[in-house]
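Labels run A, B and C following the written order; every chain starts at residue 1.
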């Protein structure tokens, strides 16, 4: 298990290093001086030179990449030359908004999707199961940003129940939460479908396994069998799905933050890309990549902890 | 249920295709999906003569009008006819999907073959690539590409191609691996059959069906990417219409009128649902075991 | 129903609806398990052994259906019971040990949890239930039972796991234990150990056992009565002596000839019965075994024989031993 964890974490770090180096290299190989794009063509050569020096652009590319990664390892993500502020500060000012959004979205999706999947599996091939199936597919198929815009149209513009813009006045928790409702709804809706389908499929698979028949042959109640003997196994793939799904979650967070003008890492990257603010792009991409790799790795390791069979495999 | 063995090539004839289509149409969801897809394809293909107005014709005096006999879906903030823009936008969405899925399919097929037939290290490397691409946030990747190349239709296509290659690559690889050690292939190799012969005679007939089903199920996702990036202003450049830009334009005026937003979102919903329903029915009819691989 | 029988199956027929149509997996099966006896059921795979035991505990897969017949257990009709009534019997009066110990226990619950769970009917506190579980594990021969109670199934070897499964099945002291090829997945030494342990436990508890196997040696060693099944029918039944010393049905004779343990000469190839198990979708008009029978004659191909012989004793379903009413 330890060796496996160690390998898994090493692989994660490798993915981060490779993808960030690639992006860094690509940005700097593209014709056009990033400093010129940032400052505009009429900036004085002295200013250009100063910024060049500050961004370390005079070093050879591999040195730059190494410097960037080395600094990043110590928590230094460079400086935003526009605002003259450390990129790490900028990123971490925004990060928690995205984390809350993603957690709220996935939270309500789990609360609804997992029971829905169980229900569908228990009453498989019933009318209710079929309807749930169609709804699940539809939830998955409709893109997040369309859900977001339509929910603004319905709940904010037409019904005026909920606010559409921003993350609240920043003073009360209540205001923050109210502003979180629609974005979390948009981020989570597709996941209700994913989870319902996955849980249904994996419940059905487990219910066909021999040990479930054994449990039945011992006269255990259907409730015990479903919730203790089946669900505990059937839930395992969802952990992996959630871990792998952080990529999709981050994508939908970008759209959601833009539609709802919410602060957050997605909005930050979007703005940085639009204004070609490379240090911020690099810094926030690095942070999201780390987040992404960390969550997939964590899901993998968690699976090993929850599922004693994998735990065992690691021992061998 | 007994799984069809990957080693028996099934030669899809037109008759079989027709029979399967009939089975798809017999299911309500499959028939509904098929209807929506036909609707979308026809309106996109006939956009040029179906559209009552030129999609970019500005008439500022008639801006933000609700639906009427003259403008079926109303007009946008520049007085352009939204119905015409939706039709032309559909044309662009389908063009992007077809071209980029086609390219992704071909590249995925080649990489899958390389991974399946090639040396172990290359296989591992390609799988690592597939896994990373598949799970990396698409939008992050898209934003990175846009940073490099600027927003354009080409950018959208590059994003789609790179992110969709793994879907096809993985499928071809697993089929190749299954076939590689099949007894009749070993026998063919023993009598000196070449790589090309094995691929064209045995592998392709096996993978064509599943590849096409995967492609049809991929269309809604690609349409989402195109509309999404265009919505963010990172895809199709104005004034060219795209469902994403129609939505974006309409969203700025959502407090004035709901029609542009409804008109921009509905075709996306119709198309994604239509292709998803159709694709799922196709998969269930043709190849039930694909369900577990995805 | 004969009151000395714990279990009595009469005329049981079971069908499965599949893509290939309705498969008559069991046809007119009779079987009786007297109190305190061990009854063996022998037959090749696909002969309907598993379908029969799943019908007894009413856990057929959803596409299976009992078409006709009755199953009486301790005087009550199992097929007529409501689901809650049936559940009160499962695991309490009738329990099962299934074939593959690697997949018959829940992999993500410790064996202690599973053994406590199946005592849900007892009004004991958890520590008492755990203590009972430990006692039972010791009786089946698990070393350090108390320390290993919180281990998971995968931490035990195959043989140990099958002992655990037996411990679980016998914990409630059922009057009937159904053992579905409990030793097939184990090697020969383990098999002998487990069979002996089972014999001891059966004698001390006084329960009956319905023992399914395709291994004749084990059947001969353990059982009092034997039922031979083929293609979903009972083709012969009788005492162990009857079956092994005076087999009447050609299928039984062939089975015994082909048993590797009984072979006198050393041959390179293990002899098998030529031909294949009949396809349930296309059953022959006559005797079910006629296609593979070296003694088959005219009547065998168009008239199904009846199970005939001594009433309640040695009987076979064969035209050779039963001249039939007309002749």
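Keep this in mind: a residue touches a chain if its C-beta (ideal position, glycine included) is under 8 Å from a C-beta of that chain, and two chains touch if they have at least 3 such contacts.
The model shown is predicted, which means the values in this text are computed figures rather than measured ones.
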**Complete:** Touching subunit A and subunit C alike are none
**Message:** By mean C-alpha position, what chain is farthest away from subunit A?
**Reply:** C
**Fill in**
Averaging C-alpha coordinates per chain, one finds the centres of subunit B and subunit C separated by a number of Å equal to 54
**Request:** Please compute the C-alpha centroid of subunit A, do the same for subunit B, then give the distance between them in whole Å.
**Result:** 23
**For the subunit A and subunit B complex, residues of the former touching the latter** = 15, 19, 23, 26-27, 30, 134, 137-138, 140-143, 145-146, 149-150, 152-153, 157-158, 244, 246-248, 250-251, 254-255, 258-259, 266, 269-270, 273-274, 276, 278, 281, 285, 288-289, 292, 296
**Prompt:** Okay, in this complex, where on subunit A does subunit C touch?
**Reply:** 209-221, 224, 228-229, 232-233, 236, 306-309, 312
**Complex contacts: residues of subunit C adjacent to subunit A** = 57, 59, 87-92, 95-96, 98, 100, 103-109, 117-118, 120-121, 152, 154-155, 165, 168
**Item:** List of subunit B residues in touch with subunit A within their complex
**Value:** 29, 132, 135-140, 143-144, 146-149, 220, 224, 227-228, 231-234, 247, 251, 254-255, 258, 261-262, 265, 268-269, 272-273, 276-277, 280
